[in-house]
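There are two complexes below, and they share chain A, which is joined by chain B in the first and by chain C in the second.
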Partner chain A sequence: MKILVCCGSGLGSSFMIEMNIKKVLGEIGVEAEVSHSDLSSASGIKSDIYVGTRDIATQLTSLGGIVVSLNNMIDKNELKEKIVQAIDQVK
Partner chain B sequence: MLKFILDILSVPAVLIGIVSMIGLIAQKKGLSDILKGSIKTVMGVLILGGGAGIAVAALSSFGIMFQQGFGINGVVPHNEAIVGMALKEYGTQTALIMAFGMVVNVLIARFTPLKFIFLTGHHTLYMACMIGIILTVGGMQGTYLVIVGSLLLGFIMALFPAIAHPTMKKITGSDDVAFGHFGTIGYVFAAWIGSIFGNKEKTTEDINFPQGLTFLRDSSLAISLVMLILFFIVAIASGPDFVQEKLSGGQNFLVFSMIQAITFAGGVYVILAGVRLVLAEIVPAFTGIATTLVPNAKPAIDCPVVYPYAPNAVLIGFLSSFAGGVLGMAILLLFEKSMPGLPIILPSVVPHFFCGATAGVFGNATGGLKGCIFGAFAQGLLITFLPVLLMPVMGNLGFANTTFSDADFGVVGIILGNIIHLIQ
Partner chain C sequence: MLEEYIEKNGLLLQQFCRDWEDAIEKGAAPLLSANSIEREYIEAIKKNHKEIGPYMVIAPGIMLSHARPECGAKKLGLTIMTLSTPIVFGHTLNDPVNLIFTLATPDENSHLKMLEDLMEFMMKADLLAELQSVKTPVEALAIIKRSEEK
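This part shows the complex of A and B:
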């Protein structure tokens, strides 16, 4: 399974969310490849789940994967809940 | 043998690779991870240099056309472009200041009340680079330069999140997370303007703002579009004959401009890919080590952390900041009449987007819709004027067609550059 986190320039916030997702995956014992990118590159990186904050999530809907839209970038509970839900959908 | 070691260490790519390797070893990674991570970091630095070559070539035709068309020096501020250029000459200083600066940040967070860990790796890299440039231009060198530079960087990394924190608490409604992006002075300025002119009860999020502009969040696209407009303006101003004779080798001047504009965006895209590889190992290592050593520290996170709290303010802030940038440019053009040689700072889309959007959210937090508009506008003016004063303290790089864009680089650079100038 592949998870891609996106933000405007793919440097800071997407990287931060990626590290948090890796932590969550470790907790729930799921193996997945997680990476981050800018919005331009996202369309070229085929993924099962695309993650972004709610202000850019609409940009991810046409990419053909499940989109996780986060209201709060730093809320680990929200992240965990939504990621688990998305992983269930992929499975 | 000694020369061999010195030669290796004086290649910035290798030096940054070693920093990354130390991080991986400290995290007790396996041999294959250490090898993979270190090589990718070295590759990142090399890619970054390649991207800088692409961006700078396009930018230099822009500069020549601007000079021809208007008879003045036009500057498009862009952190990535200037850092890409500077790493060739100042890579060693940058790598060492960055590595030890992060150590200083952890020590400050551990032993002083400034409990902030600055996690925005690319800004740490850019700030290390700028400090390296200014100290070198100011005449410092060797160990002395690295010690002074690292202490400064570590202090800045802990101090700026503290400056942003009071407003940050208003935005997020919690005390858990801090703000780490080197445009802080601009955002706090926007928040202050917002608190004077605005009313925070009437927030941007109560209005229905068209979200159509969200596509500009894609920075490569936004750079292409805005550079396209800027390139067309200078190409028309300098005339088809000049462009076709001197620059394009006969290719139609508008076609040439279009390709150059998109090439510049492509160069920035490559630089970003390089930066991403450089940081891929360093940031998780730093985050892991810092949060273990200073468990009660607050992580200071990149500016988009505030965007979901006020998506309307993000777009309004961008437009308003950009308008400030256009007015600022017009003011510089007026001043240039009596001060020939004054660099004209053009509105660059990336800083106005990221910094303008953030200033909008800060302004909204203290002054609602009005605070967002006026605050971001003031921020836009600020990041247009700061580079004018920053460029003279940057030595040869002060004559480039690009420079550091975000407010804190300007503020820190101007203060540091002038202090060194006084001491020397």
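This part shows the complex of A and C:
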């Protein structure tokens, strides 16, 4: 399973979300390849799940994967809930 | 250790800003003074906000002000600014903003440790609330250092 986290510049919030996703995956015992990129590169990186903050997520819907839209990047409960749901959809 | 990355005069407390552009300028000013960024870096942050949207408002009240290395970032740097009056950035859920982290990284990797430390700090809501109340860099630094103890 591949998870791509996107943000406007591809090096700030996307990396921070990536860190938290890896923690969540560890907690729930799921193995996945997690990486991050900027919005414009995202279309070239085929993934099962695309993750972005609210404003970014609306621009990820055409990429063919499941989109996870985050309202609050530092809310680990929100992240966990939404990631678990997305992983279930992929399976 | 988050404090290692903070730019000289980079703890800006209870700042009054007219609007979001002024807030981005003030947050980045110490980085410009320290020659960690070029002037164009600040313009790039504003442009991203205008063109891509308020995605840098990452959580309720918090903005992570930054642009890409090639936009004029020369050295690794960080400033932390609290606002005396919250500012609207146009985010549907997370407005208004009262805490701005401005960061610069010269490449795609130098800042990763800094972001990890920053994330640790941001996830401690009680310390963020305390940071909002202090007025001096000495007090702010003490709060930041405490985030590393627990």
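Methods note: the second predicted complex is superposed on the first by the 91 of 91 C-alpha atoms of A that agree within 3 Å, B and C clash if a C-alpha of one lies under 4 Å from a C-alpha of the other, contacts with A are read in each partner's own complex, and residues count from 1 in each chain.
The criterion applied here is as follows: a contact is a pair of C-beta atoms (placed from the backbone, for glycine too) under 8 Å apart; a residue touches a chain by one contact, two chains touch by 3 or more.
Bear in mind the structure is a predicted one, so any value in this text is a computation, not a measurement.
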First (chain B), second (chain C), both or neither touched by A:Thr61: neither
First (chain B), second (chain C), both or neither touched by A:Cys7: both
Touched partner set for A:Asn20, first chain B, second chain C, both or neither: second
Chain B versus chain C as contact partner of A:Gln85, first or second or both or neither: neither
Which superposed partner A:Thr53 touches (first chain B, second chain C, both, neither): both
Chain B versus chain C as contact partner of A:Lys76, first or second or both or neither: second
Doubly contacted residues of chain A, that is, touched by chain B and again by chain C: 7-13, 15-16, 19, 38-39, 53-56, 71-74
Chain B residues within the chain A interface of the complex: 119-123, 172, 176-177, 181, 211, 214-215, 217-221, 269, 272, 275-276, 279, 283-284, 287, 301-305, 307-308, 311, 314, 350, 353-354
List of chain A residues in touch with chain C within their complex: 7-13, 15-16, 19-20, 38-39, 52-56, 71-76
Chain C residues within the chain A interface of the complex: 48, 52-56, 58-60, 62, 64, 66-69, 91-94, 103, 105, 108, 111-112, 115-116, 118-119, 122-123
Contacting residues of chain A [partner chain B, same complex]: 7-13, 15-16, 19, 36-40, 53-56, 58-59, 70-74
